[in-house]
Amino acid sequence: MAGSDAPAAGRPKEMRDAFAAALVELGQELPRMIVLDADLHTSSKTSAFKAAFPDRFIQVGIAEQDLFGIAAGLALEGFQPVPSTFAVFAARRALDQVAISICYPGLDVTIPGSYVGLPTSRAGASHNCIEDIAVMRALPGMRVADAGDNADLRAIMRTAMATPGPVYFRVTRLTVPDLFGPAHTFTWGRGEVVIEGADVTLFGTGVMTSLCVRAAETLVADGIRAEVVHLGSIKPLDTDLVVASASRTGCAVTAENASILGGLGAAVTEVLAEQAPVPVQRIGVRDRWVDSGGIDDLFTHHGMQPSDIAAAARRAMAHRDGTR
Amino acid sequence: MIERIGGRLPDAERDRLAAIAYRIRRLSVEMITWGQWGHIGGSFSMAEILAVLYFRHMSVRPEDPAWEGRDRLILSKAHGSPGLYAAMALRGYFPESEIYSYCELGGILEGHTDMTRTPGLEASGGPLGMGLSVAVGRALGLRYKADPRARVFCILGDGECNEGNVWEAAMAAAHYQLDDLIAVVDYNKVMAKGFVHDQMAIEPFADKWRAFGWEVLEVDGHDLDALDDAFHRARWILPHGRPIVVIAHTVKGMGVEAAEFNSKWHTHAPDGATADRMLRELARRYGFPDEGYSRLDDPVAKETFYGGE
Amino acid sequence: MAGSDAPAAGRPKEMRDAFAAALVELGQELPRMIVLDADLHTSSKTSAFKAAFPDRFIQVGIAEQDLFGIAAGLALEGFQPVPSTFAVFAARRALDQVAISICYPGLDVTIPGSYVGLPTSRAGASHNCIEDIAVMRALPGMRVADAGDNADLRAIMRTAMATPGPVYFRVTRLTVPDLFGPAHTFTWGRGEVVIEGADVTLFGTGVMTSLCVRAAETLVADGIRAEVVHLGSIKPLDTDLVVASASRTGCAVTAENASILGGLGAAVTEVLAEQAPVPVQRIGVRDRWVDSGGIDDLFTHHGMQPSDIAAAARRAMAHRDGTR
Amino acid sequence: MIERIGGRLPDAERDRLAAIAYRIRRLSVEMITWGQWGHIGGSFSMAEILAVLYFRHMSVRPEDPAWEGRDRLILSKAHGSPGLYAAMALRGYFPESEIYSYCELGGILEGHTDMTRTPGLEASGGPLGMGLSVAVGRALGLRYKADPRARVFCILGDGECNEGNVWEAAMAAAHYQLDDLIAVVDYNKVMAKGFVHDQMAIEPFADKWRAFGWEVLEVDGHDLDALDDAFHRARWILPHGRPIVVIAHTVKGMGVEAAEFNSKWHTHAPDGATADRMLRELARRYGFPDEGYSRLDDPVAKETFYGGE
């Protein structure tokens, strides 16, 4: 997590490790679950599933179009495939296959996209996906989720495997502080109020929800009580909660570890414009490629730190109050 | 086992299959003319392939299209849907009258294949190059099953083999030794806008498949005996750890002279009068009683927005 | 055009014919312009360029990934490539190549996407792109345009070829009534007020601008004076005009022949939420695959007829006026 | 013309190139260790290839990187950037000290290749399988030019050749008879997470290229004489209408025993002490004076967030 200074000992594990654990747990329960990989399993950590269920792990080499086509075929035979690769290769390299072989017929395929948002390795722009939320949201019938912490990820995965039809969810490599307890569950189209507040709503998804919490903590010092709402289910969106919270506070910020064009910010403003127009500021990558760098530097560089969220909240409030 | 006489079909069987191939062509013309959209050339070129597969070599139960033991066929060149729908209607998957709902909003026969609405379709498609991967996935899936004797067929276009996805799938099929996967290439020499050889040549084609680890059979794709022989070998003789491709040399538009090897008829909807002439030519060519377009006198119910190209 | 009953004689030509004419015109002026095709030139009508400049036309066969890679290579050698295919294959099949080989280095490649929005042939869902606006908008630095008529298309193409860096523009197969005169020019980030009005703003792009005009005509009967703004330049967007018009009228409708998720509707609501939150209704494909069918039936089926736009305008006004 | 003695390099020239290959490996380790990210295995395996190309066979002007007449090289396996950057630094495209800005925000050497910031890079990359198409585009572009003698080289990984895009480009290169296009496959037998043979086999590999219409040369990719000979043939003997591929058999991680054929070192950043040992091993192996990691005592300036995998 950007700027996290929690001690190594009590630290929650990297989200990809939580991903691996949940995969194995689900593999135990679901005999028809098959994990597929395109030469990245020790990065994505699907290697844990391979170790536990070698017969239900399929390696396709460096061929992502084939990866998703094969997954479609397996789904057609009644299996529950989980084709895994970096998000860029699901959302860009094999998008036509994801769209037409999988999504168009509504097949039961669960797609994790790893390496999302700001570069969590130094691989840079080509490997870190900032368009996946916009892209996947645009596919009819595709469900899209971005977990707020490890418990949320596990819950998303459980729900995804129990949901017929295609699902895309993001797996960051960042280590994210715990927000939800182990009893946490995930329901499509349901958001979560993480902190109640009355002055401004901070809508976060993925790792950004934690940064919204930290922003809210700093705003308290100024006497601003921000409501933090986690929108792990990006599509379908919890429109009722979005509208209710934003109507109540009268202004909002959206925060996503992705492009601000077409992603969560769009999902929220689309709905608010239709039902409860209030001032909204968006936090995310502002139409720029994301280069290699240190992760904390990158969050600063792209204006995505808690302080940036807090500043955006103040701008939204000023706009609401007509004082800008 | 399949009855055969010295590598040749019994005459009655050949006649039966020839009549089916003829009907596939007829229904394709009816469908495309009424729907005012569709691909004649690539439907005609695979008429015999479809007849031999659906009516002789594939084990299917049209009345129970999801029967586990069935052989699966994926039409990767999904724009050839009229030919496929014709074969499936004739085989009994749905009433023949449904062909007139081809491309209609709410109909069961979508322009490109949509498996959610057509009983018996084994995949959805449209973009070229994807079907073989789906077939590989199905073949891998079958391996997990208790009785994995079913086979997976996949029909590809020759122009389609320009697509890299085809070669990714080909590599994977060989890697996983999927000898219950049989690809059939409708090698009709023409893609959408010209000859394959001119636009993006694929020769030496058999060499490519061999180099990708496949067993190759090359046949005249309009010769029912040759096709039968190839699928017989694919079933009983060749399988020993390699996927099998039948390269079927065909004529795009086979059956109507104006359409033969003519990319103009890759996708073009004839008007009623033209369809009528085409159907009569087909009857003459294949030795059936003279019969024209069944709806010649009905006004086309839809705009001919997409008249060609 | 949906429901158009103009006589065949005075009818403007299909937009793809205007596309072909503009290509040839530009080919005459720009010796370094090269058109590439992936086996669709007589559909897209790049065949006209091939006939005029056979040496500057490159056929790559049915291989869209290669199409865009080759275009990148040509641009790197100083040429001005125009790789042409159906929009689905630019926005989905070859998206990684478009993104990384072309857009990331900012190469001077102009990408026309044909077969956009509701099926203009009966090819159906797999061939008609409703995600391209969302997808292309999400690529950093990509410019995106959708022409309102043939003159606009020509102007977009002239500007695109004169713009360094990547451009994506849409080419519909519909025949669109003339909105702009032959002297019309196109500037990135500039919208056009087509009809002035004070009661509601109809923001259209592509063929939908014409339908907005027809909607505005029907609204007049009810005494509603709708402003129609054409946003041919979707990215960059004319934020000043969007904000000014919507602030003045106090409510708006967006209309695009594309998915309402992440496209023009998002672009407009993103900006309005940030600068001038007012009620907005979106017209477009509502997260559904678009099936084969008659074009007029399809516009009705998807609620994209002028009457649907007019109804949306009334809803937006009612929302503004608190009467809903 | 290039001086050669009976198919072998003059000893002094061989020594010169060997020293460069050695320096490429050294700088790669320095870069990856300081940047705490990068791909050692695939940088080591192509050290000789890069030395022979940049220092003997390619006609380039580092001081004028955009010189029209230059030979172009595209690194399709763009994760091998440390090796490439090392070669380019040594060749004079930018100061050697720049290697310590590798992967730094604002540096000129991006993790994967970003041509907008590195002088002399001929493409941007990162996703595998794309570079050959760009090379085809460049080669086609050169044909339009007044003096089209420049050649286009493209280095591919072996695992990368699973990608369908490679075969689309291969088909196009043959179709357009691009004999001034030379692909070099760094056939180091290992991809990211295992052996190519295990994960998705590409053999019979030379057959694949031949079936796609290419002229094939197979060499020991660490043998400077063999590489020189191959590029000599590619220039003076083979060109007659077919693109040429040099399949260079290499060892992934070549030079440091622990890294050889070991996918653990596909991408893994050593800590300073490990780097120091690696560099001393390289010196011993290639017969150069003992020399360790130059920044052993400097604290690593950045978080080691991405320690491996």
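The first chain written gets the first letter, and so on, giving A, B, C and D; residue counts start at 1 in each chain.
Just so it is clear, a contact is a pair of C-beta atoms (placed from the backbone, for glycine too) under 8 Å apart; a residue touches a chain by one contact, two chains touch by 3 or more.
Source: prediction; values computed, not measured.
Engineer: Listed by label, which chains are in contact with chain C and with chain D?
Structural biologist: A, B
Engineer: With chain centres defined as mean CA positions, report which chain is farthest from chain A.
Structural biologist: For chain A, the chain whose C-alpha mean is farthest off is B.
Engineer: From the C-alpha centre of chain A to that of chain C, how far is it in Å?
Structural biologist: Here the centre of chain C sits 30 Å away from the centre of chain A.
Engineer: Could you state the distance in Å from the CA-based centre of chain A to that of chain B?
Structural biologist: Centre-to-centre distance between chain A and chain B: 42 Å.
Engineer: Provide the C-alpha centroid distance between chain B and chain C, rounded to the nearest whole angstrom.
Structural biologist: 36
Engineer: Which residues does chain D have that touch at least 2 chains other than itself?
Structural biologist: Within chain D, the residues that touch at least two other chains are 114, 124-127, 129, 162-165, 168, 171-172, 175, 200.
Engineer: Residues of chain A that contact two or more other chains, please.
Structural biologist: 60-61, 63, 65-66, 88-89, 92-93, 96, 100, 104, 125-126
Engineer: Can you tell me, using the touch rule above, whether these chains form a line, ring, star, complete graph or other shape?
Structural biologist: complete
Engineer: Report the residues of chain C in contact with chain B in the complex, numbered from low to high.
Structural biologist: 37, 39-43, 47, 59-63, 65-66, 88-89, 92-93, 119-127, 291-298, 301
Engineer: Quick check on the complex: what are the chain C residues that touch chain A?
Structural biologist: 88-89, 91-93, 95-96, 99-100, 104, 125-126, 130-131, 134-135, 137-141, 235, 259-263, 265-270, 272-274, 277-282, 285, 287-289
Engineer: For the complex, give me every residue of chain D touching chain B.
Structural biologist: Going through chain D, the ones touching chain B are 129, 162-168, 171-172, 174-175, 200-202, 204, 207-208, 210-213.
Engineer: Within the complex, which stretch of chain B touches chain C?
Structural biologist: Touch residues, chain B against chain C: 35-38, 78-79, 103-107, 110-112, 114, 124-129, 159-160, 162-164, 191-194, 196, 198-200, 302-303, 305-306, 309.
Engineer: Going by the contact rule at the top, pick out the chain C residues touching chain D in the complex.
Structural biologist: Chain C residues touching chain D: 58, 60-61, 63, 65-66, 68-79, 81, 96-97, 100-101, 104-106.
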